[in-house]
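Quick heads-up: structures coming right below.
Shared between the two complexes below is chain A, which has chain B as its partner in the first and chain C in the second.
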Partner chain A sequence: MDATLLTQYALAGLVIGAIYCLMAVGITFIYSVMRMINWAMGEFYMIGGYAQYLLITDWLGPERWYVALPLAIAGVGVLGMVVQRVLLRPMFAGGIERLDEYATIVTISLTVLFRNLAVVIFGPYQFSPRDYAPPVQLGPLPVNGSRFVAFLGAVALLGLFAWVVRRTWFGLAIRSVAQNRVGALSAGINLSRIDMLAFGIGVALAGAAGALLAPVFLVYPQSGALSTVKGFEIIVIGGLGSLTGSIVGGLLLGLVESLGSVLISPAFRDVYGFGLLVLILALRPTGLWGERAREA
Partner chain B sequence: MLWVDDVVAGYHEGIDVLRGVTVRIEARRVTAVIGPNGAGKSTLLRVVFGLLVPRRGRVVFDGRDVQDLPPDTRKRLGIGYVPQGMSTFPHMTVEETLRVGGWTIRHDRLRLRDRIARVYDLFPSLAQLRRVRAGVLSGGQLRMLSIAKELVVMPSLLLVDEPTAGLAPRIADDVYRLLQRARELGIAVILVDQNITEAVALADHVWVVSMGRVQRAGPRESVAADLRSLVQEALIGTGG
Partner chain C sequence: MDDPIAPAAGGVTASEPRAPWAAGDAVRRSMLIAAGLGAAALLPLVLGTYPIHVLTVACYYVILASSWNLIAGYTGLFSLAHHAFAGIGAYASALLALRAGAPVPAAIACGGLCACAAGYGLGAVTLRMRALYLALATWAFAESVRIVVSMEYGVTRGDLGLAVPLLLPTSSPRPYYELFLACAAATVGGLALLLRSRIGYRLRAIRDDETVARAAGVNTVRWKRFVFGMSSGIAGLAGALYGHYIGLLSPAAMQFDEMALIIIMVILGGQRTLVGPVIGAVVVEVASEALRAYGQLRMVVFALLVIAIMRVYPPGLAGLGRMLWTRLRHGLAAGDTTGHRARQPE
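Here is the complex of A and B:
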């Protein structure tokens, strides 16, 4: 096999892996803070894609995609905060005994609601915004411009996220809530506000993935389904609750899918990830970073 | 400074844990709350901090009705709470934990730095551990850190729930000495404790709680005389 080609595929895998990281970090983040799994993550991804599409085709124009991106991401974040405030906050207000079951039912219902709303509003069609940028030459390798933008965007957002969590007061509050809710409460931290913001940020990461990838994959009502599955694959590979695990898992999944496609066959692209998953579960049932390091 | 007036509260519909509790405490005093398991001692603290909203009655702090205010607001007003068990964060260093404790004064950087420095003066052993993660500290150190974390903002009232549970007697003594020190700093303390003798020895006032009511309340001297029978009552729960 040609080394250049192989490098190119590996690079493509890392590019897509960085986007997977956004999804997985979002899921892990919400789980760490609220101890709930957000099954509707893929739908926030889908909404991010639609928001980006509408912004650049109807309102801002395709050349101002870089203005549209932060708007789409913020929009998904605000929607997430509203969902948290209206539908999920009651689970912490007392009276509901099985929190995780409540959260599961609410978020699975949301997937059905959002998908069907998308069909009602936009129809069952597939939309494709124009490419963000012309192809880029990375050394000897040509890279699709939109993918390159998506990769840079994902890396920048993950960096920003890590900085907020590790270096700011807000991040300190988030970590305290994730590690001991009662301890955070006794320090005078407003738990419901932190929960709302954390949920907003978590789904905004999914929205960001959707918006960044809008020109690469198509935008349609079910576009989030596969990304939710991938997100959970990564969580299990990396270990539930570990942000480091989510990032390593995301990159690993991207690599395995891409190299599997070129070395074996692209027809089984989605199978390679599950193969990796099974392998890791057999060797390390808690995932790569499971329980050993719950940081946030 | 704190007045709890005819409070009725509970966790489940139709089951009242507190059944009309009225108590009053003065500033700069340590009050020991003693009573059998399930009497409602911890619940009383939870009502005062706002973790549990009473079904009936008032909680007045510094002349202000607080029964409807959330815990973070009460914290700002000067009520601190050291819950039962751990209130520290396993992956945070001692320094970070104290910063979380100073959350409500975070915008005043100088004050926060000064307060954390004072807490280290109070707890010299923690000063040496400031870069150490809480997850590797001993049970006694964690209990100290839990209290230290609440002292960063210098509350005027500190609620302490079972601070010595599970600690070796020598370490428990350190905790009591620390609470005594808190009183000297002008902090009123409400202490819920199973070690009745030690708690009463430290206290200015004692409340005997059982069956969701305060059965007796008074200065230590008046209660200490029949401490023996109180202990008996507390252990077998025949109070009142």
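Here is the complex of A and C:
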């Protein structure tokens, strides 16, 4: 096994890992603010992919993909806010007995809803927009252009997200809600608005992953299933509620999958993540960065 | 009138007047149930082969939905691995029959035992996890089982599907229907007995508040493992039976969609009621066959219905039926018909 090939695979792993990070950060962000898991994350990923596909093949043309991307991401974000407003806000209005159970059932129903709606509207076919960027030479390694764009986009979005959460007043408000809802409320923070925006942003990250990967992977109704799996694996590996954990976990998962498929066997690509998950749960049951006890 | 099935401490109040199948007179209730079962058993006389097949599948889902209702609804352990246990039972039984040449009924029993053991193990591993972590862990378990089954194609033939010997030497669905109906009735009846026993109270106590339950002397560790083993064993038996009826197994039946279907059935019918999963499973299965022409739109409608039920009317179809029956009996003015909506304060 020569070093160039290994570097190439490691790099490919990091590229995919950055995209996984988007999903995982979205899941963990929604969890930290609303204390719920959004099981429909992969479906928002799928919707992002469809939006990007429709925008660049039907309306804007492939050369204006950079206009399509923010539009697709914003569209998914708005959809997420509507979902939160209509279905999830009542969770906090009282009257619902078990919040986690309600959120789980509603979001699992949403996966069924969105998946089958995609089949009804677009049919069970697989779509793929044309590659819009030329291959890039990264040192000695050629990288598929769309993949490279996806990587850069993911890094830029994660950076933007980190900046908003760490450096702005809005981010401060979100972090305070994540720490203590009642405390934030008494400090004059509008909880239901923060919840709605947080859900929209979290879901938009998944939509961004879907839109960025539209030309790399195929777009089809079940395309979100696998990315939900990856997202949750990362969450368990990195620790629920930790942003650092999701980013490190995402990169780690991308690396392990990529190197595992070249060093061991590509057929078991999707099993390596579970192997890593079991290993980390056995050694460190709260995940790498999980700070709380395992009682959600 | 003080019916032990009414979850006194659960989300549903016990004070409301009850439907005939739950109302006072036990003799009349058992006569009603017997009449319903008899009518169901006589259905093959009037229906064709295909509708009977559909009803057989509906019975399979009645078993799955009821046993999931036991663990998730009554005990509050929101497991997302129920479909995987059905798959474990099915594959264990099929492989025993195929590779070890075991007689099919014995293989089915072993399949159920395997699923029961796996469920007991999973219950033991996830004992200390609550709510979200439990859901994540059981979901990860189910996904791993599915991936292993589809990867180990040397043993399970993977996505090609495993041809399974049939249970009965007949191609007519009628004897199968009678068998599945009996099994579904036995499951629901058994759960009814279990829930009105002391064990049932312990399980509901765990759901309501685990710490308080422990303080009151409930051995939560033992009963959580028990309920995991029990409901998984039921699911495994049902899966094994189903495998030897359909004659073909594939890992596709262990996809998460299947779990979502079980959830849809239970929520639609009414969580934490005995009749709820029965109604839900039959309605969803029969409606999706009757509306087959509409393709995936059916699932869209079911998902919307479940969301609407969660959002505005958690008692589901069972609660709706009960309310309508009460109104019919007492007239529109009398009776606290909105009683189900009273919930515990947070």
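Keep in mind that, in the parts below, the second predicted complex is superposed on the first by the 291 of 296 C-alpha atoms of A that agree within 3 Å, B and C clash if a C-alpha of one lies under 4 Å from a C-alpha of the other, contacts with A are read in each partner's own complex, and residues count from 1 in each chain.
In the analysis below, contacts are C-beta pairs under 8 Å (C-beta built on N, C-alpha and C of every residue); 3 or more make two chains touch, one makes a residue touch a chain.
Being a predicted model, the structure only gives us computed values, none of them experimental.
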Checklist entry - Are chain B and chain C a fit on chain A, or do they clash, once the structures share the same frame? => result fit
Checklist entry - Can A:Leu172 be said to touch chain B (first), chain C (second), both, or neither? => result first
Item to check | First, second, both or neither for A:Leu240, with chain B first and chain C second | outcome: second
Checklist entry - After superposition on the shared chain, which partner residues are touched by A:Val136: those of chain B (first), chain C (second), both, or neither? => result neither
Checklist entry - Between chain B (first) and chain C (second), which does A:Leu60 come into contact with in this model arrangement: first, second, both, or neither? => result neither
Item to check | Which superposed partner A:Leu218 touches (first chain B, second chain C, both, neither) | outcome: neither
Item to check | Greater chain A contact set [chain C / chain B] | outcome: C
Next on the checklist: Quick one: is A:Ser186 in contact with chain B, with chain C, with both, or with neither? Answer first, second, both or neither.
Outcome noted: first
Next on the checklist: Touch test for A:Val164: chain B only (first), chain C only (second), both, or neither?
Outcome noted: neither
Next on the checklist: According to the stated criteria, A:Leu277 is in contact with first (chain B), second (chain C), both, or neither; which is it?
Outcome noted: second
Next on the checklist: On the combined arrangement from the superposition, state the nearest Cα-Cα distance between chain B and chain C in Å.
Outcome noted: 5
Checklist entry - Can you pull the chain A residues that chain B and chain C both touch? => result 294-295
Next on the checklist: Looking at the complex, which residues from chain A come into contact with chain C?
Outcome noted: 31, 36-37, 87, 90, 94-98, 100-102, 104-106, 108-113, 115-117, 119-120, 225, 229, 232-233, 235-236, 240, 267-268, 270-271, 274, 277, 294-296
Item to check | Residues of chain C defined as touching chain A within the complex | outcome: 11, 76, 78, 128-133, 135-137, 139-140, 143-144, 147-148, 151, 255-257, 259-260, 263-264, 267, 295-297, 299-300, 302-304, 306-307, 310-311, 343-346
Next on the checklist: Per the contact definition, I'd like the list of chain B residues that touch chain A in the complex.
Outcome noted: 49, 51, 70-72, 75-76, 80-83, 85-92, 96, 99-101, 103-104, 106, 146, 149-150, 153
Next on the checklist: Could you list, by residue number, the parts of chain A that touch chain B in their complex?
Outcome noted: 169, 172-173, 175-176, 179-180, 182-190, 293-295
